Amino acid sequence: MANPVVGIIMGSKSDLDVMREAAKTLDEFGVANEVRVLSAHRTPAETTDYLKTAVARGLKIIIAGAGGSAHLAGVAAAHSYLPVLSIPIKRDGHDHEALFSNIMMPPGVPLAVMPENGGKNTGLLAVAILALSDKALAKKYQSYRQAQTDAVKEADRKLQAEGWQNSQL
Amino acid sequence: MANPVVGIIMGSKSDLDVMREAAKTLDEFGVANEVRVLSAHRTPAETTDYLKTAVARGLKIIIAGAGGSAHLAGVAAAHSYLPVLSIPIKRDGHDHEALFSNIMMPPGVPLAVMPENGGKNTGLLAVAILALSDKALAKKYQSYRQAQTDAVKEADRKLQAEGWQNSQL
Amino acid sequence: MANPVVGIIMGSKSDLDVMREAAKTLDEFGVANEVRVLSAHRTPAETTDYLKTAVARGLKIIIAGAGGSAHLAGVAAAHSYLPVLSIPIKRDGHDHEALFSNIMMPPGVPLAVMPENGGKNTGLLAVAILALSDKALAKKYQSYRQAQTDAVKEADRKLQAEGWQNSQL
Amino acid sequence: MANPVVGIIMGSKSDLDVMREAAKTLDEFGVANEVRVLSAHRTPAETTDYLKTAVARGLKIIIAGAGGSAHLAGVAAAHSYLPVLSIPIKRDGHDHEALFSNIMMPPGVPLAVMPENGGKNTGLLAVAILALSDKALAKKYQSYRQAQTDAVKEADRKLQAEGWQNSQL
Amino acid sequence: MANPVVGIIMGSKSDLDVMREAAKTLDEFGVANEVRVLSAHRTPAETTDYLKTAVARGLKIIIAGAGGSAHLAGVAAAHSYLPVLSIPIKRDGHDHEALFSNIMMPPGVPLAVMPENGGKNTGLLAVAILALSDKALAKKYQSYRQAQTDAVKEADRKLQAEGWQNSQL
Amino acid sequence: MANPVVGIIMGSKSDLDVMREAAKTLDEFGVANEVRVLSAHRTPAETTDYLKTAVARGLKIIIAGAGGSAHLAGVAAAHSYLPVLSIPIKRDGHDHEALFSNIMMPPGVPLAVMPENGGKNTGLLAVAILALSDKALAKKYQSYRQAQTDAVKEADRKLQAEGWQNSQL
Amino acid sequence: MANPVVGIIMGSKSDLDVMREAAKTLDEFGVANEVRVLSAHRTPAETTDYLKTAVARGLKIIIAGAGGSAHLAGVAAAHSYLPVLSIPIKRDGHDHEALFSNIMMPPGVPLAVMPENGGKNTGLLAVAILALSDKALAKKYQSYRQAQTDAVKEADRKLQAEGWQNSQL
Amino acid sequence: MANPVVGIIMGSKSDLDVMREAAKTLDEFGVANEVRVLSAHRTPAETTDYLKTAVARGLKIIIAGAGGSAHLAGVAAAHSYLPVLSIPIKRDGHDHEALFSNIMMPPGVPLAVMPENGGKNTGLLAVAILALSDKALAKKYQSYRQAQTDAVKEADRKLQAEGWQNSQL
């Protein structure tokens, strides 16, 4: 199997369903990735080690997801010079705690914030970044986006054909 | 000078005016303290070192302040088993980003959150904690609280005497 | 049975499930505690009595939980010089009313605010405070924290072994 | 001077400018009132005494104002069976902490919440309540409300006369 | 049957469950009341008529409840000089629209805002207001409040007896 | 079938249930309309074409609905000079993202924002606009509004007849 | 002078600066309008009269602006079948009270909400509505929108020419 | 001059001060960039053209900034397959409208959101992305980050030397 180029880390295994979407999306594009449970608060040493050795192990992008007062992506941005993409995990009954814990990083330590629970878009942004220096991947990504356009057009065509009165969700 | 028992750390020197209130309050009670600039994002190694050696150096309480997506207190809570008191720094035009970055810590890693920009109350809570095993300090703290009660009573008395029509703010 | 050193009070018995977590956590560490229903608004006299006699009865820490416009912890902070830890109770469909009712205490009356519904972390902070003058307790607390670290490491190890594709939540 | 029938209390003298509006409004209607600084957190004993003796001293309505995590009106509602009108004080840079600290009282302890910093409307509501059993006051209040209607009509008439192009704020 | 002294109005019959609590509470105290569906937006003429004739028909207090952009209580406050108590109706999935639609009335038109969906407390405040000139009612209200205090004390006693480990919600 | 005069567009077919209400309402008034799935982000070219040819095809009003960071109505307002009515779609667990994505359009590009998920009112506003130059439609709209008034009056009458104690929701 | 076709009403003259922008914009397009101070809460009778006679006097659109718990536009929507455009007035230190007071109208009573303090866009939407049956106005509106496009293009061209380093705001 | 590889676009020239920070940061690293005023709402055709030709002209990253209901970055993400970094512009007195207009993009159209007004961090993230395939740039970026670490260490050292009592902000 190929060496992972994207490291997907989460603060708690309970976030796996969101993070899995990122991994699945990368898999669809053939982008090698690894998925790890690393907690900023409970395994800080392991997290730091992971980040400090990321470049040497061939990683190019870090995707980090955590909920509540979510510090994992910030820790990743502090310990690594790779692009870090944060997925704020918003659990039932929660407010924007995780989003706010990520969106206001201090000047000098960049962190890209993706949609709350947005595993898929985060995987896609990683693809778009890696595609900058990988023409085959760029082509796949264009096809993916085009297929998506086609799907919306098909949904529209079908709605016209059925009539909105009869169309099911 | 006495060995510091309270470590006051801030993510950026721009937060000094808030954090100084905590130090001043501790000084008033004769509680030895030290004030440091340690950034979770910009000097993570120094921050970790500081926290890991805290107990050995005699610290008993950590007071941590930071603004925006504020991870410093969480990092302190992760790397130290001492009680950590967080001061969310709320700057002009900011929302509750710092509060939300601190108030929802994951189960297992406790962090006490104090008022936004509340340097004074944070110093006082440290005093109340240390007073649990220091009778002289407990007595001083009771006098302080009583003096405060007296001040409100005096303000009330004065307002009655002057009449609310004439009283100045 | 040992004399309680932590008093856990709640504004309404309906908050018992949250507050029980604090008691359970203290029990795990062998910290004697008592759990009481005392309402700032419905039994203010009993609440005041409880707080005024707290030191004499041997209490060292007050944990107070209430929901909505939650005044119980503030009343505790007003009537006692002990460290008071507030648990804002956030019920279904509620906003941050309880958090806001606790986080902005006036200068001079310190109150530590813990996570919404965060009984466990509040129990742990009480342990961390008591551990400052109790070496055996400090050791237990370190083991607890270490066990937690180990659990996250184990979750990570297991996820690697199973693969994220197959791992169940 | 007449015996006060409305007690106006505030948690800190810094709230005087808002609370003064309530007193001024009551004065305009000849409703005897008293203005006191009583803090739920700093002078709880004095506050309780004040409330417990309110009926005996002839008070009929309590107006209570406080900012931040504002517990004064809730304390008043707990210790008195009189109607309590709360003025949430919203200071510069604050959010709705005081409003939220008052609006969600538990079932059984009623508290009427007035506009943030709304001293004038609170005075007026007290007048409307007292007018229920005071015909002369009811008549004055009707005239006041009518005068207000006339003032808006006059503002409208003047705007028409000047033209909106030329009218100054 | 006695002439109603409290008029309970709601913008839509779908709010009946909340408003019923106010009527039930008044019934418990023997305070005659009437419950009407009157919409500020759909039956404005009927609403205005109701309010303009309120005094003549013997009403002393208006309780108005509505959800969303809730104007009913404001309309009541505009057309009547009686005390108006507003119940903001907060439906599932709604934010504080109704509360915000009521809490910031312009200076000169007072409106008392009660808890979101707080039918019971609103009934109780009406009782407290009417009790100012009705000693028998005042006595009943004091008994009610005392019974409530007793209930909390009993809940506390029972919790001590059972132990928090075994007590059911 | 008549030529559509109202174009109803949605960013995703998953919004059909909300948008259908607008179409149904227009149908009730005999206002010809068409319903399309057009995504600002996934089929931008088709969306632009649709908007640019709207006038030529006889459309007079555009109703646009989308959720999350909802740009469809803004795109409609950018590419068309017709009145555009936006329906912010608020999905379960979402905050006001869609409302905020529509309510602050830059000066010069007007966009009317309707209630979150408010398909019916949006259809009605379209009717009210078209009624400005269609007397028959104006008459129908007046009857509709009157019927609505009658329905509230009937609900009130029925509640009086049944008594609030017995009335079912 | 032409008969007004747009009625601009505001709840308080203090809102004139915002509402003036709407009138100015209509004047630029030669759309006759009138500007009135009419308060939902202080001159409800005059407001109702104004709305009930609006059609007879030739009005086609109502623009209503008010701040705080802003009911004026809702009252306009209740008493008139014309399209009503609401401008929520957001004053310094206020939150979205006015927006929330307008955005959640009940089904059956449509109200279009424009940007907070958005006088200009509201005037433009009125123009776009009136242009549906006035070709000359439609042409003017298209030119206006085109001029605006040209202005942005010119700003871009100038920025390129000057360089962003030297360009002044 | 080198061909631009980063395109910086803003919806209005009034956002230049924020966007300039991104350009300045890229300049510091020798990354060729261009700065354009392109409005999603006022020059949609020009904006689309710019985005569609971006790859052909050699651009690798788009940085888009806009305020209020900010659609520019979403339009960029719709029309381009390059990584798009959004800067939500938060103006005085605004809430998180721009952030919410960007953070909840639909699945399939990725958009990275940077801090409100965070020109500098956005420039740095672009550098980090470009550094993935440019070793010299990676080295510069590491030095930059290291210099920043050194600056915080120096601030800390200086604070210790001066003492917090004397240190100026």
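Each chain carries a letter (A, B, C, D, E, F, G and H) given by its place in the written order, and its residues are counted from 1.
Operating definition for what follows: contacts are C-beta pairs under 8 Å (C-beta built on N, C-alpha and C of every residue); 3 or more make two chains touch, one makes a residue touch a chain.
The model shown is predicted, which means the values in this text are computed figures rather than measured ones.
Asks: Touching both chain F and chain G: give me those chains, sorted by label.
Replies: Where chain F and chain G share a partner, that partner set is E, H.
Asks: How many degrees of rotation carry the C-alpha atoms of chain B onto those of chain E, rounded to the nearest 5?
Replies: In short, 180 degrees.
Asks: Is it true that over half of the residue numbers where chain C touches chain D are used by both copies, so same, or is it different?
Replies: Copies use mostly the same positions to touch.
Asks: Across the interfaces D-G and D-E, which one involves more C-beta pairs in contact?
Replies: When the contacts at D-G and D-E are counted, D-E has more.
Asks: I'd like to verify one number: the distance from the centre of chain C to the centre of chain G, where each centre is the average of its C-alpha atoms, in whole angstrom.
Replies: 52
Asks: If you average the Cα atoms of chain D and of chain H to get two centres, how far apart are those centres in Å?
Replies: Averaging C-alpha atoms per chain gives centres 49 Å apart.
Asks: Per the centroid of Cα atoms for each chain, what is the distance between chain D and chain F, given in Å?
Replies: That gives a centre separation of 42 Å.
Asks: If you look at chain F, which of its residues touch at least two other chains?
Replies: Those would be 12, 39, 42, 68, 95-96, 103-105, 108-109, 111, 115, 148.
Asks: So which chains actually touch one another? I want all the pairs, not just one.
Replies: A-B, A-C, A-F, A-H, B-C, B-D, B-H, C-D, C-E, D-E, D-G, E-F, E-G, F-G, F-H, G-H
Asks: Which of the residues in chain D come into contact with chain G in the complex?
Replies: Residues 90, 92, 96, 115, 148-149, 151-153, 155-156, 159-160, 164-165, 167, 169.
Asks: Note which residues of chain C are touching chain D in the complex, please.
Replies: 11-12, 39-42, 44, 48, 67-69, 71, 74-75, 77-79, 94-98, 100-106, 108-109, 111
Asks: Help me check something: in the complex, which residues belonging to chain E touch chain F?
Replies: 12-14, 16-17, 19-20, 23, 35-39, 42-43, 46, 68, 93, 95
Asks: If you look only at chain A, which of its residues touch chain H in the complex?
Replies: Touching chain H from chain A are residues 60, 81-83, 85, 99, 103-105, 107-116, 118, 120-122, 124-125, 128-133, 138, 141-142, 145, 148.
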